[in-house]
Amino acid sequence: MNADPQAKAGQPVLKVDDLRTHIFLKRGTVQAVDGVSFHVNAGETLGLVGESGSGKSMTSLSILRLTPKPGARTVSGRIEIDGINVLDLDEETMVRDIRGKLVSMISQDPMTSLNPVFSIGDQVGAAFRYHDLVQGRSAIREAVVNVLRRVRIPSPERRLDDFPHQYSGGMRQRVVSAMAIACSPKLMIADEPTSNLDVTIQVQIIRLLREIQKETGVGLIFITHDMGVAANICDRVAVMYAGRIVEIGDVETIFANPSHPYTQGLLDSIPHLGRRRERLYSIPGNPPDMQNPPSGCRFAARCPHVMDKCRSEYPPETTVAPGHMAACWLVGKSG
Amino acid sequence: MLNYLIKRILQGVISIIGASAIIFAISRLDDPTLLLLPIDATPEMVENLRQRLGLDLPIVQQYLIFLGNALQGDFGNSYRWEQPALQLILDRLPATLELAFAGLVFALALAIPFGVLSAVYRDSWFDNFAKLFAMLGQAMPNFWVGLLLILFVSVNLGWLPAFGREGFDSLIMPAIALGWYPVAAMTRMLRSTMLDVLDSDHVRMARAIGVPNRVVVWKYALRNAAVPLVTMLGIYFANMLSGAFVVEVIFAWPGMGRMVVEAMFARDFPLLQVGVLFSAILFVVVNLLVDLSYGVLDPRIRHD
Amino acid sequence: MTDPSRAAGPQTAGHPADPLAPSAITRMLRHVRLIRAGKVPWVAGGMLLLLVFCALFADLIMPWDPTALNLGKALKPPIWQDGSVSGHLLGTDNLGRDILSRIIQGAQVTLEVGLYAIVLSGGIGALMGMLSAYFGGVVDAVIMRLVDIQMSIPSIALALVLAAALSPGMSTVIVVIVLSYWTWYARIVRGEVLSLRERDFVKLARVAGCSTPVILWRHILPNVVNTLLVLASLQLGSVIIFEATLSFLGLGVQSPQMSWGLMLNDARPYMTRAWWPITLPGIAIMIVCLAANVFGDWMRDTLDPKRRQL
Amino acid sequence: MKKFACAVAGAASLLLCAGTQAAEPATGSLTIAQAAESTMLDVTRAAAGVDWYILGNINEQLLQPDPTLEVKNWLAEKWELTEVDGLPVIEIWLRKGVKFHHGGELTSSDMAFAHKRLANPDVSKWPHYQAKVDHIEIIDDHHFKIIFKEPDGTFIPGAGLMRLYGISEAYYTSHSEEEIQQRPDGTGPWKLVDRKVKEEFVLEAHDDYWNQEHRPGVKNLTIKIIPEDITRVAALQTGAVDWIDAVPPAMIEDVKKMDGIATTARPSGNNLFMSLPQYLDKLPGRNDNPFKDVRVRRAAALAVDMEGIIEHVLFGQAQRYTTTTPGSAAYDASVEPYPYDPQKAKQLMTEAGYANGFDVNCYNLITPREPNVKEYGEAFYAYLGQVGIRCKLIGEEYAPWLARNNRSREPQNDGILTHMWGHGVVADPGTPWSGHMHCYAPGEGWGSYSHYCDPEMDAMVKEQATVMDPADRIPLLKRIGKKKYEDVAGGITTYVPLVTFAWREDKVDYKPWPWMGFWRKLQEIGIKH
Amino acid sequence: MILEIDNLVKHFPVGGSFPFGGSKGEVKAVDGVSFGIGAGETFALVGESGCGKTTIAKLILLLEQPTSGRIIFDGTDLTSLNRKQVKEYRRNAQAVFQDPYSSLNPRMKVRDILAEPIRAHQTMGRKDLERRLDEVLEIVGLPERAKRNYPHEFSGGQRQRIAVARALTLNPKFIVLDEPISALDVSIRAQILNLLEDIQKELGLTYLIIAHDLALVEHVSTTVGVMYLGNLVEIGPTAQVFDDPQHPYTQALLAAVPRPDPKHGLSEQLATGEIASALNPPSGCKFHPRCPHVLDVCSQDYPELRRIGESRAAGCHLLEERSA
């Protein structure tokens, strides 16, 4: 893994190796994340694309070690952030040294990601206060103003003592971003940060994240279900289906030359602006029940190219081209 | 906020007038004169008394007279004490308020740690213990708790005074008897609110930037749970008042509850009326305060 | 409180800004976790069944006539204590009546009061709540003001006034309980219906051309049934306590009818002499209430995965 | 001790004691507890029995019984019953040197004022007791005459004991009605100095009290109101209070066993009986009324083991009575209560034609006006069932019960009814008998509580109402009592409750006195030294 | 024209309830909107959240009463119908809503859900009813046995099929589709979209589709109306509007759509700021605070829709300048 050939810019800030996070329920176990491996380099954006329930959010929470308790638990794997395996750390160290400082998160819904009863200054300031980076009221205030300015909040001095409900949706997402970047983490996880925003605002946030990344060189995991957004922001894309990564590669490759039938189907089934009035491809069937996933390829039941082997054996991750891997028996065959 | 306040006060006034009309109407279903005279009183004496009390008038007229006088602060004389009923109640009000307040404090003192820790350590032994302990309070009539406390703590052990209102000691047992009941509901509400808050995006966000658990729980989350908790306090205040009627009797607590209970047995309607009306007024006022506190507790409402 | 669904105006963004809304994962987790955590409370359910059994077959299972006096056997302790007399498992009261038999018979009154009160208050409250929410406007305002008025009168105080006017008794107890509890149902059902009314299937039923009664009957009511069941099961415990309290104050069920609260009242003078008459009916109340509450909690967890504050 | 000396000198030397030797003012303080609270502290307005618990210590009458229940001249030094123009006149010589709490000395005009106030129906709860008095003629400050319009048999030894209280005209006319209730004035041994409703009364010994022989031995007395029985007993046990009244029957044994606690039991002013609906021609659901047959009434009286009920239900806190209790003008020791004889009862039932018994409504008073009254009723009715008088038990709370008692109210009594008051304890049964033994005569004031009707009895009851002279009156009352007993008239007499007082023996010096406040008169209570 | 909307206005009062009046203000959800839908057409209303498109759908479905304006369906004005006429209208106009979880009554079996519209309108023999239900189920591609199940036994996509089936039971002419696929999983969306297209072709239906996804709108609609804060800012045949947007808002909206094509580059940001509150909308052109081409006149005068070419219109002062 160290000699990862795809490492484009900088060193990997995150390496995830065979991560398995399961949700344990009385009636069975949901294998929400079931053997996921990928890495993120500094200054790079990795898109984690997939439908709801494909395990992308659970992957990101596993990295932060914030999987919902009790119930969800990371059962195996390795998560290295900046060379530290966070799965070995105790909770106290996670709080003190990792979360916020090494890795942080921008959560999905700007309307619910801010605590309604504390002021913006208070909430953004928490990142400084609890990491002992900045001491004293006025110093923290100043730091907050600075970081709010970095996320392009107009006249942050005046809006510091406002409460979240006094901010618009887009502004709130900027505040959340400010909280995430406050302590200059090396890795940032953005979990569908724009899917609840209107397109005109989405554009603003995407641009902001790009700019922040350029300024700080932070590694970014961008989780989305929208192929368009992924194409817009990501350097590399990992496509998840039913708890596993089915395809991973450069963004150009994935969109131009998708190798996994799921990726292909997904791209064919969404309407593209400018390509009007063509009949869309529709992926038949429904995603599998994650409590009883099929033993073979999880996409087998919906795949137009399904073979007998697909139903019995899970296809290994196969290199299609350098830096482009897909988990499909077809790839192995043709490639 | 001001509009809202005016609206709430108006609503409160409507409630109180409505309550007074209902209580008045019910009270007039019975004729209390026999209880107010010696057993060998002559029919003329009964008639004389009925006239003096105004009970011979049509009920609507009686109510309008009552309402008119009440607006001038005259709630009539107690039949039995022949003193202004309002004064009798007002004299006793502080004791009742003290008891209700103590009951709420006791309930909160248990419910807050129970609710918060149950949510944090959900499904643990503590969660189960807190649930059981709280539920026990909800499963026992407060008078029974009171009697058992008197029997064991006062009579057998001699630790606390069994009656009266003298100092903090005498407040403990009535407060327990009164305050235990709502603990379960408050704990459950807090636990479930805390669970929701602890599962919420903003708490996850706070954790994600490295805010320590104790801060998340005791500052971020608890503060979010404050509004539902205070709302509940407002509603349970009525429960405390209701409970006080019984607990005061058991512990010989000199509050208005006991007086009102006796007024019922004596069919002392003016006193009963004022007592019940004051409970209603207290309830309305407390809930108005609760509504006002939302503004303090929740900035969204403050700026509305 | 202002009603959010009416005040919020036309179009809220796709996602209501509820800061407490748990995420999708947690929602899923919670739903399932509750089924895991909320084991069917066999013990509680069994206790309630026992109560029903006692009430239904009281005449068959009572070892003694619960009203038969035997002054010579007054205040004899339960069977396991010295001085007990044979045949009286839980001892006798001050008139030598068998406490076990009286507790069994008390179960009858307890259940009777409970059922009447629950059915009536639930029925009235649900109807009021549904009408209030579905029609809104003046209907809503009038019903809600009634609720306010009702809520502002403490239930014991109402019982006092009613008892003074109507004379205490079982029917007065039921009237008081119904008057005190209908508001509870009405408020919760109203909230429920307000949100149901905004649910798409109700709107679609209107689009389909269904009349209001049909919508109320087929779409609204079946969807508040769970709530009503949960409320009813939670109410049982509190009705038992309430009835006991009223009877204890002398406002409730009156001798020669008997209830556990009345037994406690009767036993009060002897509590220093004999622990059993004051303790055992109280324990009966406690057990049944505990069972009712545990059962109600379980119902809430099972039937009300949203876990609103019922 | 001067007090002691006076007591030895005896009642005859009362005047001497009071006139010549001023006792040292009492000192110290005691806290006692009572179960029930007096509400109306004005002798004119007070109606409830409990009001006298306090008023009995503040106000005094012309005559009063002493601890042996013998009626003594009290505020009256001497009185005489005469007749002028065929109408009775009572001439009274008032005791001299009787001082009011708030100053001034009792005079004849105060008594005339008391009469006027008591006769005023707008103020008084007792105008009917003054109805036959025409006026009071004042002769001098300590000598007046009560002039009657018509004879009033119960006026002198009656329930009112001349029915005139020594109240200060000056005080009552210069204070508002509210003030009077807050701080009543009187001549009694105790003066009310403070009062907290539902909490306590603070009394102070009246230093100028005229009766030096029977006076408080303590200066300050606080009466706490503790209605809860257990709490009250616990308060005595823990020493929070030094004396309590109404020890609950169930706890008598416990209290007696306590260290350093003394108790005494005294008959209360109440008497219980079971009223039979003899006035009806038909009982509900029947074509006849078995209770019209005296054999059935006697059977009912014989059917109940009252001794057993007293022992087990009332814990011995009761005594049986027949006509009236000792101390009453009509008391007749020769009349024994009906024994418990179910055989005889069944036989009488058979003779009367009710061998198979019959069903009847039985109204049971459930409000604890007396301890365990509900249980007593339950037990009583259960015994009746054993001889075939099968009860349909119906519990009634005090207010509806009171209405059922009263013949002018609906619903009227159509069954057996737990009843109380009506035979007159301490003094004279004339007034209650007028209500209970005479046929109901609407508008005439007779039989307003009567469920019994018999012409012969009517004549006797009417007669006693006009006979004022004790010499003639007492034999007449005894005749009525005898007939009442034999006919089981007005109901089956059952028991007189006993009230038990308990106090800390080492601290309290207490001698019970009877009064309308039924022994709560704290005439002689003091601290032991 | 099967449906014509004429100067439709819907204002919602905020706050205030009986008997305490005193409303705080009005949300101008729909503020004078006119358009027409031809038979067999698919008309799309597009715009960001809060623009009033869903309110228009509700008004058309008679779930809300308009403040003013007219809605003419097949020549009759819906705002003045009696109860019977309303029922008749409902036969012809049905709807499919966004959330397939909320739009099916969880307490009813699929059979009853589907039969409900029929039962509300006519008495039909049991056999005929079953036959009709089977028909619609076949149309939406569900097996007959689905009738016996409850909604929770189906996946989101299947539920949306049931919802479509229900809309079809009465053989309506016109269906309102309010965000019909946005609540579905990405891989399911195309299924429903294709289904809707097939049904339209087969049954000759007219659709009004409410959506915020421009790619979707371009894909399905024949005519499009772009809404902003309660106003229609641009309307015209979809192809023309998308190829050559005239209103700056349309332009910004289109530019902002992320293309699933990495070569296309980052979407452009042509509008600044965020949508204003409908409670307190900006004066003049409501888009002017965000408009990159704002003129002085924009903040003062409301730009009425101006006809552009044969079948298009847009409401912008720039167009006046251009034409002037």
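When the chains are written out, they are named A, B, C, D and E in that same order, and each has its own residue count from 1.
Please note the rule applied: contacts are C-beta pairs under 8 Å (C-beta built on N, C-alpha and C of every residue); 3 or more make two chains touch, one makes a residue touch a chain.
Being a predicted model, the structure only gives us computed values, none of them experimental.
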item: Count of contact steps on the shortest path from subunit D to subunit E; value: 2
item: Other chains in touch with both subunit B and subunit D; value: C
item: Steps needed, at fewest, to go from subunit A to subunit B via touching chains; value: 1
item: Far-end chain from subunit A, centres as C-alpha averages; value: D
item: Geometric centre distance via CA averages, subunit D-subunit A, whole Å; value: 91
item: Chain centre separation in whole Å, for subunit E relative to subunit B (CA means); value: 52
item: Inter-centroid spacing, subunit D versus subunit C (mean Cα positions, whole Å); value: 47
item: Of all residues in subunit A, the ones touching two or more other chains; value: 52, 61, 68, 70, 108-109, 112, 114-116, 165, 169
item: Residues within subunit C bordering two or more other chains; value: 2, 13-14, 19, 21, 23, 26, 164, 250, 268, 271-272
item: Subunit B residues counted as touching two or more neighbouring chains; value: 11, 30, 123, 147, 151, 155, 199-202, 204, 224, 249, 265, 267
item: Complex contacts: residues of subunit D adjacent to subunit B; value: 39-40, 45, 47-48, 121-122, 125-128, 177-178, 181, 196-199, 224-228, 230-232, 234-235, 237-238, 240, 367, 397-399, 402-403, 405-406, 408-409, 421, 431-432, 434-435, 443, 445, 448-449
item: Complex contacts: residues of subunit C adjacent to subunit D; value: 67-69, 71-72, 74, 94-96, 164, 167-168, 250, 254-257, 266, 268-273
item: Of all residues in subunit B, those that touch subunit C in their complex; value: 4, 11, 14-16, 18-19, 22-23, 26-30, 123, 135-136, 138-144, 147-148, 151, 155, 181, 184, 188-189, 192-193, 195-197, 199-202, 204, 224, 228, 232, 235, 238-239, 241-243, 245-246, 249, 257, 260-261, 263-265, 267, 269, 272-273, 275-276, 279-281, 283-284, 291
item: Residues of subunit A touching subunit B in the complex; value: 61, 64, 66, 68, 70, 91, 95-96, 98-101, 104-105, 107-109, 112-119, 123, 126-127, 130-131, 163, 165-166, 176, 179-180, 182-183
item: Residue numbers on subunit C that touch subunit E, as the complex places them; value: 2-3, 6-7, 9-11, 13-14, 137-138, 140-141, 199-201, 203-211, 214, 218-219, 222-223, 225
